Amino acid sequence: MKFNVETQALPYSTIILHCLKYPSKGVFGLLIGHKKGDKVTVTGCIPLCHESTPLAPPLELATALVHGKFGASLVGVYFANANPSDTSLNMYAIRLADKITTVTSSPAILIQVMNERLVSDCDQDRLVAFEKDGDSWKETKTLFQGSNFLRALQTVIQKKLYRELADFENHLDNPEADFYNTNLSNKLVQIAELRS
Amino acid sequence: MASTIYRLITIVSLLSLIHCAYSAAQHRFYLRLTEQPFVSLPADVVAQTVISLVALIYGTSYLANPFQYIKKDQHHDRTCDEALNCPSFITFENRSKAMSPEFAMLRTLKQQQRQRQTSSRKETHSGRVSETIHSSESTDSQE
Amino acid sequence: MVTTDWTQVSYEEGRQTLKKWRECGVRRSEEVVEIWEHVISRSPSSLGDEQWAVLEQVCIASLDAARVDLAQECIDLLHAQFPNSNRVLKLKGMQLEATEHFQKALDIYERLVEEDPNNNSYRKRKVAVLLAQGKRLDAIRAINEYLKIFLNDPEAWLQLSELYLLENDVPKSVHCLEECVLIQPLNSMYFRRLGDLRYTQGGADNVELARAYYERALKINPTDLRSQYGILLVRNPSGLLLKDFQSNNQIASTTKSPSEKKKAGLAAVDAIDNLVNRYQKISPKSNPESDGILNCLEAMKVTIGSK
Amino acid sequence: MTDLLLDPAIRTWVFLPIVVITFFIGILRHYVSLLLMNKKKVELENIADGQYLLRARLLRENGRFLPKTSFNARRQYLCAEETGYLSKAQQRPAKGPNPMDPSQMTEMLKGNMMNMIPMIVVGGWINWTFSGFVTTRVPFPLTLKFKAMLQRGVDLVSLDSAWVSSASWYFLCMFGLRSIYTLVLGSENAADQSKAMEDQMAMTGSAVNPQADPRAAFKGEWEALQMIQHQFAL
């Protein structure tokens, strides 16, 4: 079944901000959204950790908490590799996606951030979606937001909002940090009129 | 509530201890006035000193905050990133490099150079010759 | 997440922050560059002797933040002050690495190692060059070679364990972490990370070891949230919420004798308790989701309690 | 207590100058030794020896945090018959510090030249110039045995042993000011102690000094490791 993945503006920019907050590390996160037929809409994302080799305990804990809160609308995993020239699929992300597929009993999708396309003047889609086909992961179509969204993204990056983003690891370091980033999302919507 | 009681006990026992010291000095001064040899302190002063000492120890032992594990972790306030970070092995192949304009120009230069090689390899059809060109060219581009 | 705007920070506070980051080896390159450009570069000389250490820190940070021009400036300033110092040469090598002239950087490091074989930082840079080129297996071999001489260097063991994790070789990574624990038995992060690794390895006795390590980490550093969560994970006999997410070989570990199950249940409950009172202290203003997490924990406690 | 009245001039011309002299001689000695002490060339092998000895000790001390299997694996790695580093190091040919060879000679000469000679010279000079009178009194009563130490140069039987002669006051200052030296000098070299330098010290600091013969140390560590009973502490 060929999925058609549409990432809304808010999760799209949160993913990019998560990559920018830890430029020299691989990042990981969960995707929230809903599925209708072969169309998957990603409405939110939760940054989990910022190391290319996340260990089982934080991943299990975070997925359990997020699953407890969002239930079946947990649709997949996003990740980015540390080395910009390395575009291979990260095996920890694949393992997590498979586990989500078993738990939510519906095929999970995998979104990879293409580091080399993050440069400001690139107009290609920064995110590439994959779906499980048999036991290998195939690339699927993604709906791209278009250039006005990119301009909004640039203003957010200029304001260095990525420093306010908190992922689950930051939460574990200091429980005051909210890894659902509710305050940041409101700010994003307000500043860059991103439809949430 | 409880800690105020212990604080009270500590203060009272401290005061009574000072009072004992004062009365002991007073006793010595009295002995010297009446030129009597100093033998020992009067029983009540000794008793009061011992009791107030015990009360003081009892009070302060409750006021002191709970015992800590002897070997404290010296940099316990470090976050996980700081503790597990290896600064001497820092590498610079990261996202900020991929996004910076200067390196974008460097990268396009490398891509053109790679395309030239693949096209040159097709023309000469002899892998070995182009391999030597490739290796020599790559060393030049490194200079 | 409260963030400070580093451009408006006072000179003294900027200096203190740089000093703190230098000591705990924090990697916040963009902020270091910002502090330098907006605050400290106004009058670096007023730092006295400390300005050379700050310059070195700014140079490395600017290389990390892909600002090769700023790095070149720092290197020139340092070179002017210390004309033939090896450390400035090392910085020059790092700059070559950043501009992808790996072979030249390697030559510099080779020369530095011959000149001063006792200094371990040059050898580490040679490993870093291999890492930058993406040759992970060569890097692993190089670190092992390095560790044959300087075997009490926790940083090298940490990097080696990270590399083994990248190769998905958890037992070797555990071995390296154990070395770090040997060298610094009072660092709660190493114990907690060792517990994570053992838990990731899976299997009844590994989970048991993970529990031991989490408790030791908690004993050294009682406010470590990760160890508290770790104990909850390990002790979790059949908390409904977590069970389906635990990797399947953990389930095997829960088939214990009833008395042990009881003990595990009790320990899980009090692990949740101290997590709950940790979260109760958080003001919803800073973390609106903290009560959401509280409810999850309460739900878990109910399911475990009823078991 | 025989109450002697000391001439206040003693305080300004004897008591204080001795303290100042000792202090500055200490600082001078520190810097001269820094200049003279050439950077001891520590070969790589000595560092490796030092590291392995430190490793064996760390294994014994913190071995209780590791499970039995990994502890035995490490012990085996260190103490195996042919391959273990500790066993190999024991069979190495003895290379003790033979005093005959010139480099050791100069080292030793420089060593004692640094601290013995200034002490004797200055002590003698003070004893010669400020001899024959008492400079100060120790506040607490002392037994007679202290008399010989504290009243060198003033051999009055009846004098209470609390009084201190100038020569022994010099020696008191010599040892008393040691902590002040670390305060003054310590704070100085802490300033330029950047992190890299610290690691550097930590790494080579534990190197075995080239003169000592490591074989005995290795034998000790080897036996200690063999005997230890591993018990998982957690």
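Labels A, B, C and D are assigned to the chains in the order they are written; within every chain, residues are numbered from 1.
Methods note: a contact is a pair of C-beta atoms (placed from the backbone, for glycine too) under 8 Å apart; a residue touches a chain by one contact, two chains touch by 3 or more.
Chain identities (UniProt): A = MPN domain-containing protein; B = Membrane magnesium transporter; C = ER membrane protein complex subunit 2; D = ER membrane protein complex subunit 3.
All values derive from a computational prediction rather than experimental measurement.
Colleague: Out of C-D and B-C, which chain pair has the most contact pairs?
Modeller: B-C
Colleague: On a C-alpha centroid basis, what's the spacing between chain C and chain D, in Å?
Modeller: That pair's centroid distance is 37 Å.
Colleague: For chain A and chain D, what's the span in angstrom between their mean Cα positions?
Modeller: Inter-chain centre distance comes to 60 Å.
Colleague: If you average the CA atoms of chain B and of chain C, how far apart do the two points sit, in angstrom?
Modeller: Once rounded, the distance between the two centres reads 15 Å.
Colleague: Please compute the C-alpha centroid of chain A, do the same for chain C, then give the distance between them in whole Å.
Modeller: Once rounded, the distance between the two centres reads 23 Å.
Colleague: Please output the residue numbers of chain C that touch at least 2 other chains, ranges allowed.
Modeller: Chain C, residues with two or more chain partners: 25, 27, 29-30, 64-65, 121, 134, 162, 193, 226.
Colleague: What positions in chain A touch 2 or more of the other chains?
Modeller: 23-24, 83, 85, 170, 172-173
Colleague: How is the touch graph of the chains shaped: line, ring, star, complete or other?
Modeller: Graph shape, chains as nodes and touching pairs as edges: none of the named types, so other.
Colleague: Taking the touch rule as given, give the residues of chain A at its contact with chain C in the complex, in rising order.
Modeller: Interface residues on chain A, with respect to chain C: 23-24, 52-53, 55-58, 60-61, 63-65, 67-69, 83, 85-86, 91, 99, 102-103, 163-166, 170, 172-173, 175-180, 182-184.
Colleague: Would you pull the chain B residues touching chain C in the complex into a rising list?
Modeller: 69, 71-76, 78, 80-94, 96-97, 99-100, 102-103, 106, 142
Colleague: Would you mind writing out the residues of chain C in touch with chain A in their complex?
Modeller: 1, 3, 27, 29-30, 64-65, 134, 162, 165-166, 168, 193, 195-197, 199-200, 202, 225-226, 229-230, 233, 241-242, 244-247, 278-279, 282-283, 286-290, 292-293, 296, 299
Colleague: Tell me, which parts of chain D touch chain C in their complex?
Modeller: My answer: residues 42, 44, 47-48, 51-52, 54-55, 58-59, 61-63, 65-67, 70, 191-192, 194-196, 199-200, 203-204, 206-207, 232, 234.
Colleague: Please give the residue numbers of chain C that touch chain D in the complex, ascending.
Modeller: 22-23, 25, 49, 53, 56, 87, 117-121, 148-153, 175, 178, 181-183, 185, 191, 209, 212-213, 215-216
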